[in-house]
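Questions regarding the structure given below will be posed in turn.
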Amino acid sequence: MSDALLQVNGVSKHFGGFAALSEVSIEVRQGERFGLIGPNGSGKTTLINCVSGSLHNEAGSITFAGEEISRLPAYQRTRRGIARSFQIPRPFSSMSVLENLVVPLEFVVHRRSLHQTNTSEEAMAILKTIGLADKADTPSNRLSQVELRKMELARAMAARPRLLISDEAMAGLSSNEVAEVLGILFKLNETGITIIMIEHIMQAVMRFSQRVVCLDAGRIICEGTPEAIVKNGDVQKAYLGA
Amino acid sequence: MMRGAGFWIGAAVAIGLAGLAAGTFKDEYFFFAAYPILMYVVLATAWNILGGYAGYVNFGTAAFFGLGAYTSVALIQSTGAPLAVQIFGAAAMSGLLGFGTGLLTLRLRGIFFSIATVAVIFIMETLFINWRYVGGATGLQLLRPAPIWPFESYIKMLFVVMAVIVVAAVAVARYIENSWIGRGLHAVRDSEEAAECSGVPTLKLKVFACTISGALMGAAGAPMPMYLSFTEPASTFNLNYSIGALASAIIGGTAHWLGPVMGALLLTSLQQYATVNISNEMNVLVVGVLLVVFVVAAPDGILGLLRKLKRAK
Amino acid sequence: MFSFELLLEAILFGVLLGCFYAAVSIGLSVSFGLLDVPHIAHPAILVFGSYCTYLLGRYGLDPIVAGIVLMPPFFLLGMAVYRFYYETFEKRGTDTGVRGLAFFFGLALVIEVGLILAFGVDQRMVEADYIGKSLVIGETRIPWRLLVAFGVAVVLTAGLTLYLSRTFTGRAIKAVAQDEPALRLMGANPVRIKQWAFGIATAVTALAGAMLIIVGPVDPSLDRIYIGRTFCVVVLAGLGSMTGTVAAGLILGISESIVLTQFGASWAPAVAFGLLLIVLGFRPQGLFGR
């Protein structure tokens, strides 16, 4: 289907003898809001790592916008339009919040002409949309957990991606903060950015996603609309244990 | 600190002072003693490009330094090349070694790179022990040629040449630090995975830093055979060069190019004092203890302490 | 001038030497392989153990006995070092890479210079009944000190491997290397387990140090070449693999022995470092890596 932005076909990944992913295939369409759920250890982050390039899959193929990307290093995938936030925030701790955002701006968006003056303004604009503008000059190692997660998202946004992967960006947030982040993601999607959301907060996933895939023990056990997923017996078993 | 013009004025002043000293000081001993201090400024500055900016600890400074020295020896033996050619040749060879070592090991975790750099020292030493042309295990004695006008003695000339190399090294480090390369390296140091996912070509930048670092260390090693008049593998590939470079940078402070400069000036002077007045072993002990103390208690080095003092006022 | 007998003899010595290298490195297999501590001071502690053995030898203690006697104090030393490392570096999280490594480098330096100040740069040896005599089998003379070191090495390596796989604490150590959060969920304190493990690794290294000075004379700068040998073994083995350590030790021992007989003593020290670079370049996970 030419509509598909991301095609994951038969991807497998092992760590020693442990099969983290076994022949996983998913398809994410252009502009879609896609949810990825599954209990802890089911392989969600491993799958995301294989898509973003932090890990290399052993088997299968990953196609982005028609191009096979499995052999590309992560930074080239980011330059082609895949951005992600990290489950456990990884700030550039020696830099301020603003400088954190300047990195993807410099190395992805403006890599042909590397000037810093424009990038500061652009970074500020992004910080304003996410509500961190007043923390722009704060060293990132002084941020609270919530602010760190927002900065993670902002940094991914700064790469001007076509596909944004949000890896448990809402963990530990209050319901107001969850609503805030959800609102930002909805707005991003309206501008045409395809979004994959990994979350444990079921309400958020169900409200946000148009399609949901559930992983368990490295395999896909269910795929469909949020309503269908919630009712699915296998999904309930995976989360609650048989 | 030190915006564009200010830096270059300072650099010109420094070289001018070095030249003035060469012209007016009569005591040759001053230049013998000052040369190693300048040399370690270059080594520490070069080390910091990879160690401080990117966070990859190079224990193998002695390998790059030594290869530079032996490149000079080989050039002198084969073509009688002048000092300038030796320096560029040495930089090229050691840059190549940095490129190769980096390509081989910088895709791995930091500690593996560090261990590999120790390995490179021993392998270089073994190679040159077995190469008769440049003296083999027994070493090679080289006569200093006549100094070039206006210098009265070869040592004074080497001193000024090293001062120029210092300025060049610091200029390179400063440029990298303030450029997109430096920002990329800092991102690598803070979180390599996040840097990759933010579009930073981490491997390319790391290999680049390792190459430049190696080249500068090689340049620092090039005049060594003429300084000592005698070159042999064991003392040329001595781990002490690695120790001095690393300790100077960490003690001075790795965040800014001034750190390695200050660290090397202070530490090397201290070492010279200790060696002359107490013992050679005491000088190494001083370095070891200071390194541990700073790493534990003042991780941002002297620069960090000065910054804290400024804020406290 | 290729001689089959010489080759066999080289291999035989290589096996004896290799088991010795395995024993000398197995402490590092635990501290770096399992616990992920950048313990570049391991060889320095090894040599420190040799010198302590030498000191006890001056009071008439047999080196193997001295090595065993040294194990408890070295165990405590190891626990203290890890505790300090954890509190100062591992806990903080950021930038521990450079600082932790520089710390152990500085520590190694201080130990080396301390030994020079205390004992001088000359070589030191120990005396025992089995040092100086050889076992003669046909045309081959095998020095007894190599056989003794080999024997102790086998016992030490087997003992540690069994400890890690059979005892409760041993398995906890392996568990903490693989999945620390899971261990925490089970109620165990990973820091105390790692501390204990580091202590054991250091104690083992004390006995290994005794064997080092049995095998040959020591001087304070010996730690430098043993950086190559121990890290070569640990990396070639695959981080954390005890059986791998034995296999890697044998590979190194035999390689060094063959190079020594075929190319001479000026090339032998580079074997460990060369092998290390080759492994890092082409198969960094080693033989049995995780």
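By letter and in written order, the chains are A, B and C; residue numbering begins at 1 in each of them.
The definition used in the following text is that contacts are C-beta pairs under 8 Å (C-beta built on N, C-alpha and C of every residue); 3 or more make two chains touch, one makes a residue touch a chain.
Everything numeric in this text was worked out from a predicted model, so none of it was measured.
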Revision key, fill the gap. In terms of mean CA position, the chain most removed from subunit B is A
Review point. Looking at every pair of chains, which two share the most C-beta contact pairs?
Key: B-C
Practice item. Could you please state the distance in Å, as a whole number, between where the Cα atoms of subunit A are centred and where those of subunit C are centred? Key: 44
Study note, to complete from the structure: In whole angstrom, the CA-centroid distance of subunit B from subunit C equals 32
Review point. If you look at subunit B, which of its residues touch at least two other chains?
Key: 189-190
Revision key, fill the gap. Multi-chain touching residues of subunit A, meaning two or more other chains, are 93-94
**Study point:** Per-residue overlap in subunit C, given as positions that touch at least 2 other chains
**Key:** 94-95
Exercise for review: Please give the residue numbers of subunit C that touch subunit B in the complex, ascending.
Suggested key: 32, 38, 40, 88, 94-95, 97-99, 101-103, 105-107, 109-110, 112-114, 116-117, 224-225, 227-228, 231, 235, 266-267, 269-270, 273-274, 276-277, 280-281, 284
Study note, to complete from the structure: Listed in rising order, the residues of subunit A that touch subunit B in the complex are 52-54, 73-76, 78-79, 83-84, 86, 90-95, 99, 102-104, 106-108, 111, 114, 155, 158-159
Check your understanding: Where on subunit B does subunit A make contact in their complex?
Key -> 180, 183-184, 186-187, 189-191, 193-203, 255
Check your understanding: Taking the complex as given, what residues does subunit B use to touch subunit C?
Key -> 51, 55, 57, 59, 104-105, 108, 110-112, 114-116, 118-120, 122-123, 126-127, 129-130, 137, 189-190, 239, 243, 246-247, 250, 254, 281-282, 284-285, 287-289, 291-292, 295-296, 299
